[in-house]
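Both complexes below contain chain A, partnered by chain B and then by chain C.
Up next, the complex of A and B:
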């Protein structure tokens, strides 16, 4: 292939590196007002009284809205319903607040300084209600209720099962257990949320234009239409440049509704830019789960059964169903053959920020569980951790592989393709695993504590239902590609151009890709679940093929040359037999528009060198990955240093290796934060203790190690180019591999590392307890 | 805010002189973006951690979200808009970020470029560890930093070669791709 698979530099970069990006905060629309929100300081409270008058009187304030206005609002729609879920969605400006940071009032003012001044002038009398924040507290029978109208804090209770895990576990000669306490993290894009809403009342019907930092412009349009009671036809949502998202911007939030509603009310454009404090206390979190898991294996290390009990914190509302715990519960077996599996999952309401998919979306938790159990089993059997994995990985010749579980779409979970053994072998090779094992022993003699962790995982990528693309040849010969995608840095403008360039055999420079705008294409879903490359990429491929076929037909009829001897190259269609008989793509586009008004269209195809195609994959394409990490721990301070990091991925056929590698590296850095540094902490009453970046530690260039990245390419049979997703896989094995390496380094202390993030203070405590225990044992 | 509380400030940004009439509490980042229309400087955390708003003020990198506009009165400020030549020729760091895929969403990039630019002035031949230390005040959530380190390394090489060819008046090709760091 000429363009697909090439490491091409990105088309978007010159604009962004010159500071010419156009993010929401940069838009310059005259007369735009600023919105600011007063947010609840209580985790659970009823608003007894609120005085907005002082705020309204401040010069420069246009309007102030509060719970009285909220009475007319609908709750946000329940997305991804599930039969086992009791859904509670957020109601904008409700008179009861259910987490710290929930909006209580909104000010619209000439600028943000005045809007924030006005916020300070609002007086609220709260009637605090008992609140619950921690999982272990929320499940107690006498715990406060996160929502007073519910009977318990259980939002959903469901099971996953294959075979008879309980019976198989009883029979297993070797059984190991491990507990996991996984902390909560923030997606934390460097650009916070924000949107600008502008109404036009001069047309036949009021129409709305929204510029939003969103991953999902079409979803936002459809929810806004519903809540504002306006036809989708009269709403356009545009996602201009978006400064990272990672899940944070896939959600529809109450602020998205309130800003558009207020703009209609005050009849002026209104913009809201979230500040970082607001981001920490109102933008979705993820990861928080507790697990108690067991693994039964044969004496040869073959998996017989896996059992898991999961508690997942849901936060106060359900913005995106219970996708995350479902994902975890269906992916604990991951790349391994698990003949008997049982998972019991409870999803729990608490008075905290809602949890919804962050890059990885429940999969890093899943990868942690079985990989760490395999570590315990290998230890017990005296087997190398790599070897026990190799013995249990699904083999290359076993695909398509049925796990026996149902996927999140309710269909049987089938892994389309993969070569997990090769991925593992490559990782072992690239990392210098055997050499590190030797080093480990040498270092131990010198009093240095080195640990090596291994983790294999999978990601089900490219979920449906569909995405689309319109491909058009312009009369200049340039090619325009309009897609339903939205980008937050993934480089779609380059990769999709590569796909079209391949089909038409024209340089990437001649192709313009547009996305992030509902006016470009009627339908779309959004950028999440590592699905854009696979689904939009295939739609672009299919539409390009159809346009090409159409162009060849017009050329055949125009030049009177049989189709079979025509070829398309370098922007022209020509006869293979007589290359001088040719017509350019631009001229063909002109032909396809017909001649003059009143003339009969001369070709046997439909007018217009333009085609729209949608692609709906029949199932997710499954990627595989293995990470190997080497860490060193200072036994005095317990500081953890990563000495070596290797990650090998099978993301199917790569469209652009430069971009995929960047995605993997970025994912790993999110994983490093997750595994070692980042944690959103609430106290027992639901007060947020980590509301700034001084408390919430985002890794800098000094914390993220140099990464060795390898690729294995197993094409997916589910799409014509063999693609698999690549956006999230980097994050997935990292917590597992780090926890594994840390425990390995401290083998001498015989401790079990159960927490994520792994923090030096916990290790010190574990080591202290272990020493005391050993001492007591010695005295006995 | 009563008119009498507004202050006149004069500052030079990217070699061009500006005046503005601003509230004393207005942040330099807001002055640059809202008063002067220079939206290349981004605001990511407003409490001085993420580094997205980094600009060079009187030769030192500052968080423009932690500096008041009135503190920049009479100051010389450089922002990302001033990195490229007036005819659009990219700065070696910009070239290198493009070449090495040192950006994804691009939101942290202007601040990262300004920090790196100042860093390379202080340390023209850094090793990778020094580069990591040098950009550690700028958070990037997309790249995992490795490509940024690669880019700064490449830029250092381009700049040093450029200097060398300035001395020897040869190797025009490098001169074309590189522009002398001047902030």
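Up next, the complex of A and C:
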């Protein structure tokens, strides 16, 4: 292939690097007003009284809205219903607040300064209600209810099962247990949320234009249509340049509704830009889960059974179903053969920010469970952690592999393709695993504590339902690709251009990709679940093929040359036998439009050198990965340093290895944040204690090590180019591999590392307890 | 967050008790207190200005003294609201006389919410302890000043 699989620099970068990007805050629409929100300082409270009058009187304030206005609003729609889920969705400007940071009132003013001043003039009398924030508290029988109208805090309770895990566990000669306490994190894109809504009342029907930092413009359009009771036909949602998202911008939030509603009310464009404090206290979080898990293996280390009890924090509302815990519960077996499996999952409402998919979406948690159990089993059996993994990986000849579980779409979970053994072997090779093991012995003699962690995982990527692409040849010969995707830095403009370039055999520079606008293509779903490359990529491929066929047919009829001897290359169609008999793509586009008005269209194809194709994959394509990390721990301060990091991925056929490498690197950096630094902390009453980046630690370039990244390419049979997703896989094995390496480094203390993030303070405490325990044992 | 401590005053238990129940003394002792008015016996309203971390706020506070067992013990409830968040606290204040000094010991819980909790939590417990300690130190000082008169 000439263009697909080529490492090409991203077309978008020069513009963004020069600061020429155009984000929501950069839009300059005359007369745009600013919105600001008053947010609840209470985790759970009824608004007894609210005085908006002082705020309304402030000069420059256009309107102030509060709970009285909220009475007419519908709750946000429940997405991804599940038979076991009691869904509570958020109601805009409700008179009862269910987490700190929930909007209580909205000010529309000439500018943000005035709006914020007006916010300060709003007087609210809250009637605080008992609140619950922590998982271990929320499940107690006498715990406060996160929602007063519910009978308990359990949002959903479900099981996953294969075989008879309980019986198999009883029979297993070796059984190990491990507990996991996984902390909560923020998505933290550099550009926070924001949108600008502009109504036009002068057309035949009122119409709405929304500029939004969103991952899903089509979904946003459909929800807005429903809530505002306006036809989708009269709403256009545009996602201009979007500065990162990671899941934060896939959700539809109450602010999205309120700003568009207010713009209609005040009859002027209204913009709201989320500030960082607002981001921390109102934009979705993820990851928080507690697990108690057991693994039974044979004396040879073969997995017999895995059992897990999961508690997943849901936060106060359900913005995206219970996708995250479902994902975790179905992916704990991961790349390993697990003949008997049982998972009992409880999803718990708390008075905290809702949890919804963040890059990785439940999979980093899943990868942690079995990899860490395998560590325990390996130790018990005196086996190398790599070896016990190798013995249990699904073999290359076992694909397509049925796990016996149901996927999140309710269909049997089938892994389409993979070569996990090869991925593991390459990681062992590239990392210098054996050398590090020797090194570990040497270092120990010098009083240095290094540990080596290894983790294999999978990701089910490219979920449906569908995406679309329109491919058009312009009369200049340039090619325009319009897709239903939204881009937040994934490099779509380059990769999708590579796909079209491959089909038409024209340079990538001749292709323009446009997306993030509902006016470009009728339908779409959105950027999430590592699905754009797979689904949009295939739609672009299919549409390009059809346009190409059409162009060849017109050329054949125009030049009177049989199709079989025509070829397309460098922007021309020509006869293979007589290359001088040729016609350019631009001329063909012109021909396809009909030469002159009133003349009869001369070709046997439909007019227009343009085709729209939608692609709906039959199932998810499954990627595989193995990471190996080497860490060193200072036994005095417990500071953790990553000495070496290796990551080998099988993302199927790579469209652009340079972009995939960037995605993997970015994903691992995200994962390192999760594994070692980032944690959103609430106190027991639901007060958010980490609302600034001084309290919420994010790794900088100094904490992110150089990485060795390798690739294995096992093409997926589920799409013509053999693609698999690559946007999230980097994050998935990192918590497992870091926790594994840390425990390995501190083997002398015989401690069990159960928390994510792994923090020096916890390690110090664990080491202290371990020493005391050893001392007591010695005295005995 | 737990707040507790004790402070020793060179005064009789009666004198300390009276000071602890005198609006003028309470006003002088409450950090940042601009106005303190008695709304009904043992209930006060106060306007307080305090800066915690980067968050400076004007608070409207309600202070209530209850379960009085003079001159040995009383309970104190405080609630303060501002657009920067809220502070709430309960404390038991006990006096113990041992000639010639009185020990004031206090033990309570404080709850902080909103922006102050989010922005200032790293230093919050330190500041809360400091503010409370400061309050009782000033009570001690005022008692001494009154006793000296």
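Here is the rule we go by: the second predicted complex is superposed on the first by the 780 of 780 C-alpha atoms of A that agree within 3 Å, B and C clash if a C-alpha of one lies under 4 Å from a C-alpha of the other, contacts with A are read in each partner's own complex, and residues count from 1 in each chain.
Please note the rule applied: a contact is a pair of C-beta atoms (placed from the backbone, for glycine too) under 8 Å apart; a residue touches a chain by one contact, two chains touch by 3 or more.
Treat the numbers as computed from the prediction; the structure is a model and nothing was measured.
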Between chain B and chain C, positioned on chain A by superposition, is the outcome a clash or a fit? fit
Touching partner for A:694 - first (chain B), second (chain C), both, neither: both
Counting touched residues of chain A, say whether chain B or chain C comes out ahead. B
Scan A:42 for contacts with chain B and chain C and give back first, second, both or neither. second
Determine, under the contact definition given at the top, whether A:725 touches first (chain B), second (chain C), both, or neither. neither
For A:296, is the partner it touches chain B (first), chain C (second), both, or none of the two (neither)? neither
Between chain B and chain C, whom does A:14 touch in the aligned arrangement: first, second, both, or neither? first
Have a look at where A:119 lands relative to chain B and chain C in the superposition and call it first, second, both or neither. second
Contacts for A:354 in the overlay, against chain B (first) and chain C (second): which applies, first, second, both or neither? neither
Does the superposition put A:25 against chain B (first), chain C (second), both, or neither? first
Return first, second, both or neither, reflecting whether A:683 touches chain B, chain C, both chains, or no partner chain. second
For the superposed arrangement, tell me the lowest C-alpha distance between chain B and chain C in Å. 10
Chain B and chain C contact sites that coincide on chain A, given as residue numbers: 692, 694
If you look only at chain A, which of its residues touch chain B in the complex? 9-10, 12-14, 16-23, 25-26, 28, 111, 113, 188-192, 241-246, 275-276, 488-491, 658-659, 661-662, 665-670, 692-694, 698, 700-702, 704, 706-707, 730
Contacts from chain A onto chain C in the complex sit at residues 41-43, 100, 119-120, 122, 277, 280-281, 683, 685, 687-692, 694-695
How about chain B: which of its residues touch chain A in the complex? 1, 23, 25-26, 33-34, 37-47, 49-50, 52, 79-81, 83-84, 90, 94, 97-99, 101, 103-110, 113, 128, 131-133, 135-149
Touching chain A in the complex: which residues of chain C? 83, 85-86, 111-115, 117-119, 121-122
